[in-house]
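Next come two complexes built around chain A: one with chain B, the other with chain C.
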Partner chain A sequence: MPHMLTRRAALAAGAAALSLPAALRAQPAEVKIGMIHPVTGPLAFGGSQCRLGGMTAIEDINAAGGLRSLGGARLLAVPGDAQGKAEIAASLVDQMAEQKVAGITGCYASNLALAATQTAAKYNIPFSIDSGIADSITARGLANVFRFFPNNTTMTNQAIACLDALNKAAGGPAKTAVIVHENSEFGTSTAKLLGERLGTIGIAVKETIGHATPTRDFTNVVLRIKSAAPDLLLITNYPNEYQLLLRTVYQQKVNLVAAYSVSGGGFSLPFAKDQPQVSQFMIDYNHWHNPHDPRAIAFRKRIEDAGHVFGWEVLFGYFAVRVLADAIDRAGSIDPARVNPAFAASTFSDDWLPYGPTRFVQGQNQGARGLGLQIQDADIKAIWPAEFADAKPVFPRPRAS
Partner chain B sequence: MMALLLPALVGGVLTGGVYALVALGLTLIYGVLHIVNFAHGSLLMVAMFGAWLLATRLGLDPLAAVPLMAGAMFAIGWGLYRFVIGPVGRGDDRGVLLATLGVAVVLDNAALIAFTGDSRSIETPYALQMVQAGPLLIPLAKLVAFAGAMLIALLLWAFMALTDTGRAIRAVAREPEGAALVGIRPARIFALAYGIGIACLGAAGCLLLPSFYVSPQVGGMFVLVAFTVVVLGGMGSFPGAVVGALLVGITENLGNLYLGESLGPICVPLLFIAVLLVRPTGLFGAVR
Partner chain C sequence: MTGAAARTRALALALAVLTLLPFASHSQFFVNLAMLTAISAALGQAWNIAGGFGGLTSFGHAAFFGLGAYADAILQTRYGLNPWLGLPAAAAFGGGAGWLIGTATFRAGLRGSYFALVTLAFAQAFGVLANSLDITGGGSGILVALHPGAGRFQFTDRRAGYALAVALLALATLAAWRLSVGRFGAHLLAVRENEDAARALGVPAVRVKSAALALSGALTALGGVLYVQSYLYIDPGIAFSAERSVEMLLVAMIGGAGTVLGPLLGALVVHAIADTTRSLITTPGVAPMLYGVVLLLIIGLLPGGVVRIAAVRGDG
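On to the complex of A and B.
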C-alpha cells in the first residue's frame, strides 16, 4: 500500500525535523546560486563556457556532500542570459534577488559585470566575478563584489613583464607596436594601460586603433597596421573579431616579430585547431591552469571527454562558484551580512591555478596571476614564467612568406 | 592615408560583394513580395551551418556545395512559407512579420542548442590564398564570392524579366487579385518566390564560409545591412541591390579608414538618409 507508506514516511520525516535544534531546522535544503552570462548574442561562446564552468563546480560541490555547515545543503543554479546587454544583466539581478539567491557569479564581460554588480549592491548580494577583468568592477568600494581572478592592472603589468622577458631573451628585436582594441570598457581600458606601460620597456606605440563589436571586415585595420610597419601587434578584443583580425593579418602577409594579446577573447583551442596556420605562434597573456598540476590535467580531460571545448572561461566559471560556495560554507549562513565578510576573509587554496596565497583587498584577490601562452602546432602551451612553462617560446616568429 | 585609398576601395567593393550575396534574396522577398523577412539572417546562418557540416562531415568543398545548398534552402524556404509563414500570416503584413520573427527566434535558439555559441570556420586550400594585383593582396575566397554575387544577380534578373514564372511573381506582387483572375495562384507563387529568395542564401552561405566564420548569431551581422542595401538600391531591383551593396561596402570602408572604426559606421546610415531624401524609391526603384 504505497499511500500508507508515503504518509508514514512523511510523518516520520516531520517528527525527525521537529526533534532537530532550531538552528539546523532553519537551514535551507537548497542554496540558490545565480549565474549571469551572455549565452546568446555576440558573446555567447564565452558566456556559455563560463556557465559550463559554474555548472561543473555546482555538480562537484553537490557530489562532495553540499555545504557542510548548512547541513549538506545542495547548490541549485539559477542561470540567466544577459544577451550581451548591460541593462539585461542588471534586471536579471533584480529577478534573482526576488528568488532569494545566496550569491551570484558572472558575467563574462566587464561591461555586464559593472551593471550587474551595481544592482546587486542594492541587495548586498555576494557577487563572485568570473571573467570580467576591468579594475573598476572591484575598485568602486562595493562591499559585496569579489574577484578571485586577476584584474586588468595585474594582467597588463604581468603581460608587459612577460613581453619584456621574451624580447630581452631574443636580443630585443621588438621596438615598436600597434595596439588594436575593441572599443568598450574591456578593450579600451586594457589598451590604455598597455599604451602607458609599453614605453617603460622601450617599445614605442606607433598607433592605437579601436573597433566596434561586431566588426565584419578588418582589411582597413590591417592595411593601417601594415603601413605603420610595427614590430609587435597587440590585440585586445572578443573572439570573433580576434580571429577575423588575425586571419586578415595572415592574408595580408604582415611581418611581425610577434602578435601578442592580453586576455585575448579569441585565443582558444578551437581557434588553434580550426585555423592552425593563422593561429600558429600567436602569444596571449591570459588566465590558465597550472599545466604541471595533475588535477588541472584531469579537469581538462573531463571537460573535453564530455564533448565540450576546454578554455580559460571554464576555469573562471568553475572557481567563481567554488570560492563563493566556500564563503557561504564558512559563513554557515546565506545571510549576505555574514557571507560578504567571510568572502573578504577567504584564504581559499583548493585550486590548481598558478596562484599565490588567496588574500582579498577591496574585493580583489592579491594572489591571482596569469601566464604567458602561445599557440604551437594547434595546441596552447604555457611559455612564461619558466616555473609554469610546458614549452619554449617561439619569439620572434618566422617571417610571413 | 592616401596610400591606403586604393586598397580600401578594393576592399569596399569586395565587402559590397558579400553584402550583395545576402541582399539579393532579400530584394526578391522584401523588395518584390513586400515580406519583411526577419528570418533572413537566421536562414543565412542555417545555410552557413549546412555548408559547414557538409565540409567538415562529408569533406565537400563549400564551392562544390553551392547547387546542393541552394536546392536544400529552396526546399526549406518553400516549406517555411507554405506551412508556417503563409498560414500564420494569413496575408496580413503584421502577421507575416511576426511569423518571420518567430521563425528567426526558433532557428537561432535551435542552432544554439545544436552547435553552442561557438564560432566555427573551415580551412580550405584557397581560404587563405591571396591574389597579387600590383601592390594589392586580394583574398581569393572574397573574389570568388564577389563573382558568385554578380552571377546570382544576373540569373535572378534574367529569371524575373524573361521567364513566365518571373512575370507571374511580379504580377502577384503588384496585383494579387488581378493575377488570380488570369489563372495565377498567388499562394503558390508566394511560396515559390520565398523559396527562390532563400535558395540565394544557400549559395551565399557556401560562398561566405571560406572567408568568414559561422555561429548562431552570424545572421545578425548581415541582416540589417541587407535591408539597408535593398531599400537603398530600390525595392525589388537586382541591379539596385548590387549597386547598393557596393556603395554600402565602399562607404563603410572609406568611413572606417578616415573616421576610425568607432565613428566610421555612421557613414552608411548617412548615405542611406541622403539617398532616400533625394530619391525616395531608392537608386534603381521604379516610380509608381
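On to the complex of A and C.
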C-alpha cells in the first residue's frame, strides 16, 4: 500500500506543520478600518486629503508586515463619502458596524464627527478623529472617541500666544482686530474663543463678521473691514471662502499689520503657489509637521511626487489611522472592549509632528500642538515657536501698494 | 372597481408591505436607510398638503423642520424637559409659524412665486437667527447627550425610530387622504384651482390656505423632532438649509404632487437611487452625478410624477 500514510509519517508531518511560522500556517485575517469623509460637496478637497492620508497609512502598515500581534493581519480600508451631511455620516457608521470594522477614522468636519461619533458610541467602535477640531467631540465622555490632534481650545490658546509673541517682538504695532469667520460649528466656536482671548494680549476687537459656507462674493465683507480699519484681520473659515476673502482683501488694497488665521482651511501649498501675491506673508496658526524631522521631509516629497497636494489634512488622515492601528496592535484584538482601553493608554511616538509625549485625557491627546506658519515666496514656513521654526517671521507685513 | 382604482389599491398594498419589511431586518444600516426614507416621505407628504393640494409652492419648508428640531433640542438641553414633550411643543411651534406666515402673506395677497420667495426668506431668516442666538448654540448647534432608553426618546435599536417615522408618515398620509375626500380639502382644491372663483362661492381663502400651511408646518416640525432624536445633533445648516427644503418638494414632485401616494413613491425613488448609488459606487462624485441624471430622466419623462405610471392621479 504505497499511498497509505503511516502513523510515523503522520506524526512527522504534524510536527513539521507545528514548527512552521504562524504566518505560514494560516493566512492572517484582514482588519477593516472605516474612513468617513466628505469627498464630494463643498468640503470635498479637505475630505479627500484626509482620505489620501488614511490610505497612505494603511499602505505603509501593510508594507511593514501588518498588525504583528494579529499574525501580520493586513488592514483593509472601508471608505465612505459623508457628502457633508451629518445624517449620512451617521448612516455610514451603521453600515461600517455591520461590515465589522475594527475602528473608524474621520470625519474632516466637526459637525460630521459629532453625529458619527454619537452613532459609533452605540456600538462602542473605536473612533480616531482626524481633523474635527471642536472640543465637544471628545468632551462628552464617550469612551470610544479619541483625538491625537489638538482641539480648538488648544489651537486658539496657542494661536493667541503666537500672535502675542510676534506682536511683542515687533514692538506691538497691532492693537485692533476684525474677526471674520464662517458661521458653522468650526468657525463660530473659534471666533468666539478668539474674541475672548484677544483682549488678554491688548488687542481690541472692532468687529466680528460671520458668513455662510459657501459664500462667493466678499466685497461687502471687505468693505466693512476697510471701514473698520483694523491692524489685524483674523480669519477662520473653509478653503474656498478663505482664499476668496484674501483675494478681495488684496484687490481692495486693505492695509494691515498682518492677516492671521487660526486653522485656516485655505492656508495651503496650492494657495501659496497659485496666488503668490495674494498669499504672500499670510500667517496661520495651524497643524504642521516638524520641519526639522527628515521623515517629514521625505513624507512630503513622497506625497508630492505621487502628484498629490501636501497639506496638514494628509498628515491628519495618516496619523489618525496609524494611532488607531497601534492601539489595535497593542490590544492584540479587534474587540472594542480591549482596543478602547489600549487607545486611551497610548503613548504613540512614531510620528514626525511637533508634539510632546502622547497622553490621552478623556480622549484628547495632551501632547498635541500646532505651529505658527507663514507663506513666504510661495512656500509655507514655520515661524513660531523658535524650536520648530525654519524661517524668520515677516511681521508687520509691507504696506499694500 | 375601475382599473385605476384597482391599481391604486395594489400600489397601496405594495407600499404597506414595503413599510413592514424593515421590522424584520436585523441590519441597523438598512433600517436607518428605511428610517431616513420614511422621514423624507413624511416631510414630503407634509409639504404636499400645502404645496400639492393647496398649490402653495413653498421653497422654505425647512423653516418648520428647523423650528421643530430646535424646539425639541432646546427644551431638553436648556430646560431639562423630557424629550417626548418635544413632539407637542414642536407641533405647536411649526403649526403656529405656519399660521402666522400664512396669514401675513396671504392677507398681503402674495401668491405663486412671491409666496415661494417669502417662505425661502423665512427659512433663511430663521437660519441667520439660529446662527446668532445663544439659546440655539449659534453656529455650534446643539448636541443632545447620549442617554439611550425609551424614556429619553433615544433608541439603540433603530427599528424603534423607524416605527416612529412610519407613524409620522401614517399621520401625514391620513391628513392628505382626508384632504382628498373631505370638505376642507375640497375648499383647498377650489382655492388652488381658482382662488377668485372660490372666494365668490364663499370659501374663506386666507383662512383655508393658512390652515393648510399650519397643518403642513406642524407635521414638518414633527419630522424635525425625529431627526434630532435619531442623530442627537442639530445646527443651522442641518435645520434651515435650502437643500432640506428642496428635498421636501423634490420628493413630492418626483412622486406626484397633489396625490396621496405621490410623496411615498417619491421618497422611495429618491432614496433608492441616492442610497444605492452611494453604497455601490465609491468613486467620488459619480454617485451624486448618477443621482442627478436619473432625477432628470424622471422629471423629463414623467412630469406628473412616478404616480402617473399607475394612473392614480387625483384620487390616488
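Before moving on, here are some points about what is shown:
Following the convention adopted for this analysis, the second predicted complex is superposed on the first by the 373 of 401 C-alpha atoms of A that agree within 3 Å, B and C clash if a C-alpha of one lies under 4 Å from a C-alpha of the other, contacts with A are read in each partner's own complex, and residues count from 1 in each chain.
Here is the rule we go by: contacts are C-beta pairs under 8 Å (C-beta built on N, C-alpha and C of every residue); 3 or more make two chains touch, one makes a residue touch a chain.
None of these values were measured; they are calculated from a predicted model.
When the two complexes are overlaid on chain A, chain B and chain C occupy overlapping space and clash. In the superposed pair of complexes, A:Lys192 makes contact with chain C only, with no contact to chain B.
With both structures placed on the common chain, the touch criterion links A:Ala90 to chain C but leaves chain B unconnected. In the superposed model, A:Ala134 lies in contact with chain C only, and not with chain B. In the overlay built on the shared chain, the residue A:Ala44 is in contact with chain B and with chain C.
Looking at the shared chain after the overlay, A:Ala115 reaches chain C, while chain B stays out of its contact range.
Look at A:Asn183: by the touch rule set out above, it reaches both chain B and chain C.
Shared-chain residue A:Asn220: touches chain B; no touch with chain C. Once the two complexes are overlaid on the shared chain, A:Ala342 sits clear of chain B and of chain C alike. Once chain A of one complex is fitted onto chain A of the other, the partner contacts of A:Ile201 are absent, as it touches neither chain B nor chain C. Once both structures are laid onto chain A, the chain C stretch out of 41-49, 113-121, 185-193 or 257-265 that overlaps chain B is 113-121. With the contact threshold set out at the top, residues 39-40, 44, 48, 183, 210 of chain A are in contact with chain B in one structure and with chain C in the other. Residues 39-40, 44, 48, 79-81, 83, 85-88, 90-91, 94-95, 97-98, 111, 114-115, 118-119, 121-122, 134, 136, 140, 142, 182-185, 187-189, 192, 210 of chain A touch chain C in their complex.
For chain A in complex with chain B, the residues that touch the partner chain are 39-48, 183, 209-212, 214-217, 219-221, 223-224, 227, 239-240, 243-244, 247, 250-253, 270, 274-278, 309. Those residues of chain C lying in contact with chain A across their complex are 27-29, 32-33, 36, 131-132, 138-141, 143, 145-146, 148, 156, 158, 227, 230-233, 235-238, 278-279, 282, 284-285, 287-288.
Residues of chain B that touch chain A in their complex: 3-4, 7-8, 11, 14-15, 18, 108-109, 112, 116-123, 128, 130, 137, 139, 212-213, 215-217, 220-222, 252-253, 256-257, 260-262, 265.
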